[in-house]
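Below: a set of structures, written as structure tokens.
Each of the two complexes below includes subunit A, the first together with subunit B, the second together with subunit C.
== the complex of A and B ==
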């Protein structure tokens, strides 16, 4: 990254090893191989979750930690984020109590501290928007009980916000207010770039077509989303609904459109709001599903998103989170390592601009 | 079954893993290896359903053992195993008690394996304990090794 004395942002690039899930699953690369792949993409930071790549979970040994630290040194990278899950439904007819959820939460925080990760991504109750989950996952009362341990171990909890939720939703702000009230500022907001999708990804379109969707309908729908975005207008589905109906959509088409209308809706969340929040964000998932021939993410306007983060003074990591693998691997091998490499290149270019 | 997760992972039933196993010099049954089809590992207590058919014949539940981490669990005991973790890198071995085992040749193995996605409640569900299932089932014609 170019060093500019006037800049008030400090953005570094990382990779969530989640991006390499097929390489791991099919034994092409073990955990060390995935770390090497991330380092090879030019990234400095590593995000990891134990349920995926640490077979000792939930009992991470010091011997493993020594090995992990060795990898960090050897590949010249640093741990940045450890992922928490809210596994409330542990038994068939019984869920974890709140006390047990707190204890599980502490296990993630202690493990992050062992591994040297300064941030724990929290799967909080409203991560895909309030009112979606019929049961409480990790809610504000549970997070409140985790903050003293965070203070002791200097771990920041990052509330991950996925589409269709927004940075401004009060459901997330109750956590920040609670932390402020307690004087324990160890929870912050984390933007997942799925909030900035402006159209369906080609990865989703391809998968739906292989599952029986009608190519003409999906293409028309996606083009309408794109035209609206590039005209600078919201995408209003009702305006094209009649034309879609005339094309006789089948069930797969309808499911695809319903999902897109829910997740992408009228278009990306506001870049201006992102800029306003940028300096208070603690982490970002640079989500992507596919890249076009120009090396751009095919449904998220990375230059705009990263410009907003720069203008707003974001200090922290952007970690590549490739989710195209499971949308495309029914059709053959997906070269996750190459996808991440090109994605890191795109983000470096956006930062250097 | 409605909404469920199915990750496109091939080869849940592991090639070249079907074999007879022995007790006191006699074939007590057969076994094969299974990989969990998800992007993250699971505690065994999240297994909702485990059934096996061999050549279209369902195997009685009492004859199935789920073997992992050096331990052998009967199907009814899996629901209690909330500290026994099944990582996606490690195949579990399914043992089926069947005196005499299987004959040489190809056998149709049908595995029904449904897990609970313990952090993903079904959106809008009003049922208790209603989480989105993960389908890790598979069917293969396997050669006895």
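== the complex of A and C ==
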């Protein structure tokens, strides 16, 4: 069961422990319990971030590393990715300098190496598209200064490309060009499946309704997105805007629609482009918010996304990143462990098809 | 979202010295999916029974140490004292007479900075039993 690698693809499955955040926050499982849950779902790889589940951060001791290595062995898994954050806005009136950002970046890289993680997800300045963050995050100049250490420790920096940005956005390619110029190929692209959302997730719809949105408006909007996708056409909001207005949307409805129009837009990014980029990607976040009764992700076409990665020769991990917890836990307990188990099953089926 | 859970009903009580009440405390949990350095707290605003608590009387207890609340808001406060994900931060209000034992309405507004989006604001109001 453990090994999913067969002749026609070299893709492995992992779990980002982000997926189990409620289990940790509410003390149902500690870090070891979360690793056990990931292993139990059939995954081989573990993605972790220190600020969530490693209380010693930022000073990870050798004793902890021994414990960590013991867990990796006991549960038959391997560390895959360590997440970097760009906390520049440390104080009210003062921010970290670029020099300090470089130092913090190195801390993440050294810690990843200590824990045996070959990849560091770097929170780069354009990860959700340029101009969204209130602070300048880890930009190309900072990454440039991190690459020599990456080369020394054999760590790959993964630029997480999150909706509404795209694989082709030159904002990301400037990092690759810089690395190539320096002859330090230690930064690569990482696809977050949020780029392939074709409609609003039921998790988001439910949350908005609990916050006061109008169920009929959200259902109509979501159905219009879905119909466009399954017709194979882009979703053009302007075509339904009049009908939405006739239903008298309130502020919550408007915020929901504006967010969806920005994040999902006209539909998923091109699968053909994903196929073209697949062999150069270094990592993937298999993002999901909810599963339908057939076990499919309710707003991302996993069979198509995974087929494109296979056809394009992606080599690496797909790590489950369940984000439904944050969208549904206001209404009660969200069974993250069960969600991840079903998600891993779905991905295995897509791979073996 | 953890907004509903940032104010815990655990450990709310008066603080005593020499047989007298000198203050009271509540325990908070973070409004985010990871721990943050204490210096990334932008604001903790407490209202008890409809009255705003004076920030100058508030103290934060973390890892066996106590800091005046206003001090953690100051520029250059250390960046390596982490409010751990899922763990309680004890907020002490120094007040002669403490708080009357029993139920009180407590509201907290917690603002934290996480750099890649604007400051996160969480609000939670609960009736807590103070010991």
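Worth pointing out:
Here, the second predicted complex is superposed on the first by the 342 of 353 C-alpha atoms of A that agree within 3 Å, B and C clash if a C-alpha of one lies under 4 Å from a C-alpha of the other, contacts with A are read in each partner's own complex, and residues count from 1 in each chain.
By definition in this document, contacts are C-beta pairs under 8 Å (C-beta built on N, C-alpha and C of every residue); 3 or more make two chains touch, one makes a residue touch a chain.
From a predicted model like this one, the values you see are computed outputs, not experimental measurements.
Superposition of the two complexes onto subunit A shows a clash between subunit B and subunit C.
Contacts of A:85 after superposition: both subunit B and subunit C are touched.
By the touch criterion defined above, A:109 lies against neither subunit B nor subunit C after alignment on the C-alpha atoms of chain A. Contacts of A:58 after superposition: both subunit B and subunit C are touched. When the shared chain is aligned, subunit B and subunit C each come close enough to touch A:49. Of the two partner chains placed by superposition, subunit B and subunit C are both touched by A:134. Looking at subunit A, you'll find residues 18, 21, 24-25, 27, 49, 51-53, 55, 57-58, 85-94, 123, 132-135, 137, 326, 329-330 touch subunit B in one structure and subunit C in the other. Considering their complex, residues 7-9, 35, 39-43, 45-46, 48, 79-80, 82-83, 85, 87-90, 116-119, 121-126, 129-131 of subunit B touch subunit A. Across the complex, subunit C meets subunit A through its residues 1-5, 29, 33-37, 39-40, 42, 73-77, 79-80, 82, 84-87, 113-118. Interface residues of subunit A, counted against subunit C in their complex, comprise 18, 21, 24-27, 49, 51-53, 55, 57-59, 85-94, 96, 123, 127-128, 132-135, 137, 326-327, 329-330. By the touch criterion stated above, subunit A contacts subunit B in their complex at residues 18, 21-22, 24-25, 27, 30, 49, 51-55, 57-58, 85-95, 123, 132-135, 137, 326, 329-330.
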